[in-house]
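Below, chain A partners chain B and then partners chain C, in two separate complexes.
After this line comes the complex of A and B, so read on.
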């Protein structure tokens, strides 16, 4: 009896070890496959690129060192450049701030309309959800480029494009926040005859506002980057200044260096500020 | 409850004071509730001035918007007579690739000796006669435009020039709902507009052009080969794929390139970020200096931002998908490093201790004690960024010159083929939505529904 039991225990152990080995082999295979796909992908991207990877790697630091050298050579001019490009930087920040503000306000309405228990028209919940998905899916550059054609260059096309995307992206996050909100205050308000707007404004918003603000701040960080990059493809702000500055060519990179510095400092400062405020919001909750 | 108790404790004499305090609190809240919207409105007003919204109304080209919307769902056929060559051509969108062969002209364009007669809607007729261009508009009369070495002469029935004609000595443009005629000294060109996306499937030189779906299906099934070297279905596929007007093959390749940039950038960043995150996490790297250094690297990578990385890398590697991939990779290494190291600092230490008690070494402890704990975080973040980077790669592609972003910017900047722009936008949306669905599906498989 004991021998049999021992034997079967051994068999179980062997089976188990075989299972473990097979699992390890599979996960090893997946890793190898993944690395192979990645390597093949980089190979393909390399072959489609104008310059090769290895030749490019050797002159990777040419441009940055050129920038730094010229910035050091013309240190005296740097504060002047920084001062000159400050309005463009402020424009970029303004684009981000306004589009976050407008996008967030739209997102609040959209998210309330697409949350069960809060929606004004419960039947339209799927419609508003799909609308938000659609708004999220459209890359900002598409809207920005089309609007630049209609409205001309400048900050407004970028602002509309980013606000549109922000409304969709924040709407989704906000509706997740709404789902965790307590519905009792809303019921209480409706029992005293409050309208939908009153119920939302007095019952729902106070509960979720800290989370809203936290997400909106995070979105603001993202939008500053987005508005800088959209400037480069034709909208206003620091991006368009950068485009002009780097096309000047060798010997005049000091302006480009100043813009790089300004952009870097701004992004770091905004990241720090926003994470400080977000921590504060999370702690006071 | 608590407030009732406290009033009891304090005694009734303090009720008035408490009431005052509550009233003050309410007043402050009310002031706050009004101040915030007021601040928002004030800021929006400032921005409206800073962005020159009032000037925007003048700068906005609503006619451009009209052209855009009309052109998105329509195409135009150019009938052009070039006086220098003395030849008339009929071409879709005026492109060489869309030019009708001489025996292929559509029914509404006819040759009458040396003249070309174009019949438009509303029975309007445009004649490119050897001596003049004539536009017959029912209910209005004949326009006669004579091209001369010295200039262009326009004769209208009543001698007046209506507002739909723009005439000077070098150019006459007649804009009618049925078509648009432009006459200069050397050429006369008529645009006629049609709905739809012409040549979307097959170009004029393809034997499958102009066939209905039923005809195409029967051609695909029948054994009679249009091109002897391959079956009809393969020939259709190749004619569609190599369509010179819409370039489906190139567009599909561009979409693939965009997804490739996002995939390589995101996955590469994750590969680099995992070991770096260990170096930046306090519970794995006791050395302060090391931790500080790695964290500053993350901050630097994130702070420099995709735009700057893209520009710097494009200088070294030239335009193309590799540059875009590397730009995404560098930015996201910073982001992932920060996120992963935060996840590492929150791992449960008991599992690691358990492994240590069995005599596992550092590598084994990390492999079996730590990685399983942070794998869901890594997977869900990576998949989330994969979707978001697909959108980002569209913009980066526009800067570095690769993928659908490049096609999109080129098509928009040439400002003529809005139907192609629409096509690209639709494909971009399908691409992003598909990536969103795939990453959402994978996330729910790997991590489980939140």
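After this line comes the complex of A and C, so read on.
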């Protein structure tokens, strides 16, 4: 049925075939490069490693197994530890929750200002993007250390440090969500004479909210861990307790195990909460 | 020959298609009309098995295609191509790649993942596009084409499957009158030249009358009309659409020809009595 059409589309065929060959050559090249870089990078990292990757590999499970063994020996003490560390855990969760909330609110504004088709000032998109890059580039532990030096130890410096990083990280994710949103409702709202804030609040946010929420809850999870780490440098919460418990040779690995258990349960709870809220939000739309 | 026996589909308590029985001989071009929600789309999707029937059987040349699964089902889907109202192409891929998707059933998954299609298939795809008059756009992304062009790419994908049946679900409902005519002419031409069976859901009666050998009217999930185009009188159409005397098909006609005569007055019954 199509055999007779040769001739009229011959040039098109050759052009397209050349295009396909070019594409295949590029993908082949990328695969070869990827494998080469991976192999070379591993060799370099192994040679720079102080202990040696292969010789150290067998000792990988020494510490965890010691921790688990000691925790099992002192199982009876576990409920007591859990109860004792609960207030510290709640403090850590509070730091994470407040910083996620503040960071996410900032991120919404930043993301709307840096999305093509939505931005209030399209010319300033690069500026807001670079601002978010900067917020992500500075490690939160550095900000926390500086703030602890200035404001003294406690949860507030940790909260500010994490919120700052969260605004940058979520802002980027949110703006990617925004880019996939349908611009037609916004055009519709423009046509009735709505202001920028009205258009964003009524046209964009209802579309993107479920995705915002799941990214924000994922970030909440990450921030629980971040705020636990900041406890190591004097920001309070479960991290300070963990630093004491995990030090080698103090015989307090049962306490460390209790803290890990608390962290695990917290993450599970946030995950459950996340899917519950997200399903609810998607269903009622 | 395509046979539907007592085909029923329920969604919860709602019956979308209710005990439909039809026999369509080889090489017929059939138009299905009816108002939105009459079950036309559900019926077509059941034939392609995008939706499974709740009851009844669909047979093609002796095979009960409503009972097959896995590889046999995918083989059936290759033989019974589907064209959608919203084209359902992959917008970020080029035109030829989209047409080559019509061969996926015959190709290995790994080869398809790396877009390793044989040169003969690429040539065949371009020949089909040339036949449909869009060979100039082969390396463009589909999203850069107009609606009418996209629908022709979708038809090319269907032809690439080399199907025995082409099912078209409102193929022209998103197109302007000019493009709608091109798409319908293309479908009719495929029917006339290749002798393929075509089953087409349509919104406009004049299109159905003009292009189809046979018209089936559906109302609330049941077939209420089945006959030749000339049997579809205005009163038969009112019956299908559940409309009263104020219904006049000329007032919503999208055909370029029917716009030429003077507009039929909306209060037609006053003159009729």
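Heads up, the rule we're going with is that the second predicted complex is superposed on the first by the 167 of 285 C-alpha atoms of A that agree within 3 Å, B and C clash if a C-alpha of one lies under 4 Å from a C-alpha of the other, contacts with A are read in each partner's own complex, and residues count from 1 in each chain.
Everything that follows uses one rule, which is that a contact is a pair of C-beta atoms (placed from the backbone, for glycine too) under 8 Å apart; a residue touches a chain by one contact, two chains touch by 3 or more.
Keep in mind that this is a model prediction, so the values were computed, not measured.
Peer 1: Of the two partners chain B and chain C, indicate the one touching more residues belonging to chain A.
Peer 2: Greater contact footprint in residues on chain A: B.
Peer 1: Let me test your reading of the model: by the given contact rule, A:27 touches which partner, first (chain B), second (chain C), both or neither?
Peer 2: Only chain C; A:27 stays clear of chain B.
Peer 1: In the overlaid three-chain picture, which partner chain does A:83 touch, first (chain B) or second (chain C), both, or neither?
Peer 2: After superposition on chain A, A:83 lies in contact with neither partner.
Peer 1: Given the touch rule stated above, what does A:127 touch, chain B (first), chain C (second), both, or neither?
Peer 2: Touch partners of A:127: none, neither chain B nor chain C.
Peer 1: Counting only touches as set out at the top, which of chain B and chain C does A:17 meet: first, second, both, neither?
Peer 2: second
Peer 1: Have a look at where A:56 lands relative to chain B and chain C in the superposition and call it first, second, both or neither.
Peer 2: first
Peer 1: Taking the superposition on A as described, I'd like to know which of chain B and chain C A:9 touches: first, second, both or neither.
Peer 2: In the superposed model, A:9 contacts chain C only, not chain B.
Peer 1: So chain A touches chain B in one structure and chain C in the other; where do those two contact lists coincide?
Peer 2: The overlap between the chain B and chain C interfaces on chain A is empty, containing no residue.
Peer 1: Quick one: which bits of chain B touch chain A in the complex? Just the residue numbers, please.
Peer 2: My answer: residues 40, 43-44, 47, 50-53, 56, 59-62, 64-65, 68, 257, 260-261, 263-264, 267-268, 271, 299, 302-308, 311-313, 315-323, 325, 391, 394-395, 398-399, 401-402, 405, 408-409, 412, 415, 421, 425, 428-429, 432-433, 436.
Peer 1: Which positions of chain A touch chain C when the two form their complex?
Peer 2: 1-3, 5-6, 8-9, 12-13, 15-17, 19-20, 23-24, 27
Peer 1: Tell me, which parts of chain C touch chain A in their complex?
Peer 2: Result: residues 96, 114-116, 119, 122-124, 126-131, 135-136, 138-139, 193-194 of chain C touch chain A.
Peer 1: Tell me, which parts of chain A touch chain B in their complex?
Peer 2: Within the complex, chain A touches chain B at residues 34, 38, 41-42, 44-46, 48-53, 56-57, 59-60, 62-64, 91, 94, 97-98, 101, 133-134, 136-142, 145-146, 149-152, 154-156, 159, 225, 228-230, 232-233, 239, 242, 246, 260, 263-264, 267-268, 271.
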